[in-house]
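Letters are used for the chains, namely A, B and C, taken in the order the chains are written, and counting of residues starts over at 1 for each.
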């Protein structure tokens, strides 16, 4: 047996005084970490298989388990960290590209945490959202530049199609394939109940979910999986995916073993084949090409649905967004580098793209400067972690936010970042039926509803404190923000003053 | 009347219902005290095979054959729920012969045992339902 | 509506509860020659064994059962005649009780075959009623030294043996049949039970009978003699059909009833051990003197007497019994293709015929046997379930997902 250079990352600590050997941990671990030893009459572990997903910890009825990071260490230094060393070992062993999932975990700055929110004192009254009206409804889509009237003076309805959001939060694109049927159902049902939208991702729309169409954004991506007339017509809006924050510049790959009968049917590809989304759309090499696709989709749906274009936040995002706005898109979605994924090459995930805070501020400013801000709505995603991030994003210029990682956390995800293995113990990022059933959409959808409702309450509370009672009045209101510990350059890009100014 | 219902679609086969049941009816103050180093004898049982699993416990039938056939009058219907008076039960197992669901079982004490919806223990609500992580067992009116 | 029930056993309770499910107020009169409130007759062996007490026994139903149900009891009274024309029941002493609807729940009585010299035996009893049990208890005394002879190795005889085996000096069971429990078991399982009972010190004399009694000595047909102190006669029972027969009800071995528990005479119903049942497992008419059957027939009678509409057509022979720690459950008929599993202390026989389970015997492990019983009673076609699974053990897994959803997702 070859020498294993790696040491398990985690230790499974079992309190044998509490363990009743019910074996729930064993039954619930798809990684086969736990097993019962009849000779010792004890539960044992193979911690090398543990991904720290906490399924066992959460289900243990006597709280006899905990998972700790091992304190075993390589001879690290500031340059050659344990992570850097072990990655070299892994690649020397496998010869392969390192794969990871979920968002960029590296310690880059988090600008949300360096921005503070204003509140009213003395000269301007704050608002109590429990006593006074407070509106968090918002509409996405092109807003008309001017009011038009006919010869009789009557208003000409020139409003482009809009998406109506009861809360400025939507669930961002996660394909059926990358996540499970039950995860999709949970998102779809929650979106309906909340009066907002979820997004099919690039995997098509399962027949069972057409009923949630009025609260569905259907995505068209480079692989064009599952795209057909009924699909486009089923959704409330269509999103063209040009890029993804977790892996800008590259495509996607759903391995054949995850393409079972249902997914095969939904994606319209043969069972067992790899579903490969190319890095670019092979028919889009310019803004003009994008415009062709935007209008093809509008034409196909009789101009009744907004068309959204999703791009990853990359270096010249402002210019790209300007182009997208001119392509005829109704909504631009920008995905920051912390955005999640079911699988991405680690180097790409951890090194490509830019923070959403900076991208958003730059895009909003550029569109304003060019006088085309009203032609598009701006939706941002890529690690909106709480209602404060949400509020700050709106104040920086966003019309609404996309959440996905937070939504998956609500469903039970423990950010073990092992989606690519397909053995998600929480029934989210897996297609194995015995694992998928672990996520009961009755529970899942309710937890999503709870989360978004809670954020909405908090958003209203913070808005009230600022004396603001509508999303309209908050959007792009950068005076409500101050930076802390930021350089002048960063403040300039964010378009905010430093705290104390 | 509220009953315990099982939806096998959501049953994970984790067996936690059995442990919560055994604990609830143990009279002990903690699950560890009740179940550590014990072989459990729960009143709810998981059947499982090939990734199908589901829990079976007393259905609290409207027309319970176990009650009608009980030779000692130990099984009675109290507020719609089938209860066992273990003091009266002589352990003849006619109820085991009668129950179409296989929901009654023998116990070490001689009398038979069955789900009583936790009405007689300190929890007052079926603990199998509380302990089910996936709402595969629910307690509701149907 | 004025209801009268003759008898006060399980069938009578079924009748009362059946009536009250439909008619909450009509007066009910129960007439019985026993002085006790209703009790489960099979409990008498457990009484001797100490697993129950007379007080608990007499609470087969709660103390306020009759009162709560508006039942007038006439206990210790003997019915002499049913006057079907006048719709009245005549009692010893001349009293007449009128009825609109009558249910005959007269049960059965011990059968005592003619045996030479039986009258010379001092201490003898049948084993059927609470009074029998009390009599036997008194005869056994407290010394644990009596030699007891039980005639009959059927359920009653063996349950009696279980009840007293720890309280005797010597215990012998004799039966003319070549095996124990001849009406309930086939040879092999009978031998398993016999061996177990013998291991507790009980002796069996099978394929033989008593030719003659001389006081406390029995001379056997085979020639030997046996001394004893106490004699229990548990040869069998005979239905009490005379009242019904005299009232004009059609009777053969028992009172004939239809699946609504009605006799052939209008407004007279019958239920329990005094009736003939249709055994759906063997598709024959026979006496099924078993408690659950009595209740079901009683309930059926009661509901129909009160104007309801209930049919009971699921009678099968079935028994759950334990003998000194070894349990057995049997049901149905043993005529058909058999599937057998057997090891040291475990025996399982399944009998199928024409795509149906028609009978089974389980000894030792009797877990969830009711699932088998239900297959017989409901006449479930075996090709609609996974028979390999059901053969392995009684389990709901053998049913289709839809059927399971029905069973576990609804109230029945």
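Remarks
Rule of thumb we're sticking to: contacts are C-beta pairs under 8 Å (C-beta built on N, C-alpha and C of every residue); 3 or more make two chains touch, one makes a residue touch a chain.
What you are looking at is a predicted structure, and each value in this text was computed from that prediction instead of being measured.
Any chain bridging chain A and chain B, meaning touching each of them, is missing here; the list is empty. In this view the innermost chain, defined by its CA centroid being closest to the centroid of all protein CA atoms, is B. Each chain gets a centre from the mean of its Cα atoms; for chain A and chain B, those two points are 43 Å apart.
Averaged Cα coordinates give chain B a centre that lies 28 Å from the centre of chain C. Rounded to a whole number, the gap between the C-alpha centres of chain A and chain C is 70 angstrom. For chain C, residues touching at least two other chains: there are none.
Every residue of chain B that touches chain C in the complex is listed here, in rising order: 1, 3, 5-8, 47-49, 52, 54, 56, 59-63, 65, 68-73, 87-88, 90-102, 104-106, 110, 142.
Within the complex formed with chain A, the chain B residues making contact are 9-16, 19-20, 23, 30-32, 35-38, 51, 131, 133-136. Only residues 14, 40, 42-43, 46, 51-52, 56-57, 59-61, 291-292, 295-296, 299, 318-322, 327, 329, 331, 366-371, 373-374, 377-378, 389, 394-397, 401, 404-405, 407-412 of chain C touch chain B when the two sit together in their complex. Residues 17-20, 22-24, 27-28, 58-59, 61-62, 433-434, 437-438, 440, 442-443 of chain A are the ones touching chain B in the complex.
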